[in-house]
């Protein structure tokens, strides 16, 4: 399980990239910008689960091939969401880390298939899933043979309308203790607006998160999905510069 | 769309049956008991989405064939949950009404396939889905060609621990007005305990629900799933006797 | 405890009236209209707890005196919310039934004082209170000497933005069983819009509620508070006509 | 408004102490231990709002006098919750900073009186209050003449049973921007268990909190209230040692 070993260690596990792959060129240029600031993992959606049937649904298979090509050109590793059982095999071949999105945390047939591949799987928490249900979903993958599960807290649904979701910062420590699995945080979807992303990212690291998944691209305002919550590489760079010291510092706390 | 026409009108649209099909004989005897008290639709799970990987997962395809056989013997119509895209065709052939469970309300690839069949589809609300998201999920089915969508309110997740979910009684009127679709209620999953089922069922009818889906079987305490919330045919009979007058009565209110 | 005995029995316990008392004349005319349709209890706010410091805060003590005068003229009984400890004695003298609003369910010093008077007390559920916390709040009143507590479910806060609150219909049966106290329902605050009020009121009665508290006045659109959720006496009349049969009918169910 | 100026600046605003004052001696010894590790503010409850009428309700006025005496002996400043209008004057005389607890955020008569004193007021968020309602509650104090309001995020109620409340880490940045007021965090009540407290405290500081309010005393396991979430002075010391660097470090981020 070399891939997951590559992911976990104390180094900086930051996954960044556009919400969706919107074309090869824009992906490639975002990838270069991300590589330049030290990012090693690029994310990008191919098959988008959109609430409205009329929304942009992603480029599908060609987005996966664009990601694979960008990986080849830049040396970045790739991360993308798998939304249906009949794409597992294809994605496992072309993408390094597969993601189960919040809407599929309870999609047990999908989880079972992801348990039969070797790629690491990032399992996002359902928007109203308890810790126990989330852990039980991870077990579907692990029990089917794939121990490389990374949990991702991305906010839960509450009554507060001003943020898209409420980031549950307690989930980091609790889930690490309950499962022994690495826990990363997606501050972009939780916040729903870019101004909040750095603050939530810092909080996540301070609370012990093993990594971050952040929507970031050049020209975020032109992105079709999630433009409001996508940050620019420059903002991400400031964040990245801060994090290693932050982690080092916190590691001395022995709390 | 004869099937849905059969479903909607002012008559009593009550779907009842065991949580899961646990064998042909027990299903057949429950079916006879249900038929005797006037039920026309039998439900039963084949592919169970269970939170724990270690729970009973249903009999799979053979449960579907048991349901079809029972339908043939008793004249009841059948209702069962479709949990994955590769079962849509098989189920559409053998089952009258397909159900999308709460965990799959956002499973858009599944919804799209259900839009391409003729069978009515019962679309349960996600446990944390807003009215708008639920309506948008229904559109995935309708826009793909199947107008026979029946919405099913089954409770949302709140902070209250004493009931399994909180039945959102307001959803009935609001969703009927927003969508023009029939709205039925599943009091069994909302309550999580059988004592509450009749009270919630009456409230649902009084609030204008077009039907009920209730877990009911002979010997409920022996059922593998959801034993605590399953009622006996006798209790259901009392409920059924009350409902027609209740509806007639409320229809005179012109509210 | 004659007052509470007057309240509980199987007869129709409907409390109606304006959100706030806005003047003697309008209160008097609403009272006459309510009396004519058979209402025996008039409600009206005197000391309004408004989220914004800039909102209309009620007429204060003079509203209480208006209510008392209207009661004298019409024979109606009066119901009004007590928001602070230093008004308990004054209100207990002039008003028949005192109300603890949702914002004060946890105001234990207020509850203790209300335990030392003889008037019945309607205890509304806090917007995020569990059944156990609500029951514990009732105990503060009962243990201090006043057994005449009536619980009022008025909706809890959830993620759904389209209704003001989510009416928890299960609370009726569960709280009656847990506490032995009567449970009434306020559909007006739960709905937040008048179109939903009749549907929620019928559901509440069908679920076993012992009464209703409804915002109702002549010319609801002119009311300063809660205009959107206030119904007219004519609408309330239709509802009232339906309820006795509904209750009679349900009483035959023996569920 | 010298007191609040004393509170706000970049220095370490950490309030610590027992949930309730349980006697002079134990308070004094906890105060000494806290002073020794650099704490400048001691908290302690006098009038406890307890969910159950049978729980320990605090020592009342004598707890306030104990706090005042300990302040005199140690030079610490005092922080305590004011739960009712008739205690405002007495507390304002003896205590430095008054607290409005989560159950009283909507107690507008209390907020108005707190607007007429000079002491800083810590306003905790209601367990189901939105940002806008919380801000509106702060306005009740400010508009009545007291600008020294400090907001305190202490967790909101969600469906997750494993933590006592869900700390809403986003509230820190959003409320600072919306109101311009300082925002502190109470990780103890949010967590409900001491193991989580350091992790949440670090996250709060990293997200930009202006201070912390932490339940801490010698021999936490002997405390009558909240024993499970109370930490020892040694644990707090480790946290304190880490925070100044953490803040300095984050201040260089310019995010």
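So that you can tell them apart, the chains are marked A, B, C and D in the order they are listed, and the count of residues begins at 1 in each.
Note that a contact is a pair of C-beta atoms (placed from the backbone, for glycine too) under 8 Å apart; a residue touches a chain by one contact, two chains touch by 3 or more.
Predicted, not measured: the structure shown is a model, and the values here were computed from it.
Student: Which chains lie in contact with each of subunit A and subunit C?
Tutor: Shared contacts of subunit A and subunit C: B, D.
Student: Farthest chain from subunit D, comparing Cα centres?
Tutor: Result for the farthest chain: B.
Student: Report the inter-centroid distance (CA atoms only) between subunit B and subunit D in whole Å.
Tutor: The separation of the two C-alpha centroids amounts to 49 Å.
Student: I'd like the Å distance between the centres of subunit A and subunit B, where a centre is the mean of that chain's Cα atoms.
Tutor: Chain centres of subunit A and subunit B, defined by C-alpha means, are spaced 35 Å apart.
Student: Give the residues of subunit D that touch two or more other chains, as numbers and ranges in rising order.
Tutor: 128, 132, 157-159, 161
Student: What residues of subunit C sit close enough to touch subunit A in their complex?
Tutor: Spelled out, the residues of subunit C in touch with subunit A are 157-159, 161.
Student: Tell me, which parts of subunit A touch subunit D in their complex?
Tutor: Against subunit D, the touching part of subunit A is residues 128, 130-132, 156, 158-163, 166-170, 172-174, 177, 190-191, 195-196, 198-200, 202-208, 235, 238-239, 241-242, 245-246, 249-250, 252-255.
Student: Inside the complex, what are the residues of subunit A that reach subunit B?
Tutor: Going by the criterion above, the answer is residues 49-53, 83-86, 103-104, 106-109, 127-128, 132-133, 136-137, 139-140, 143, 157.
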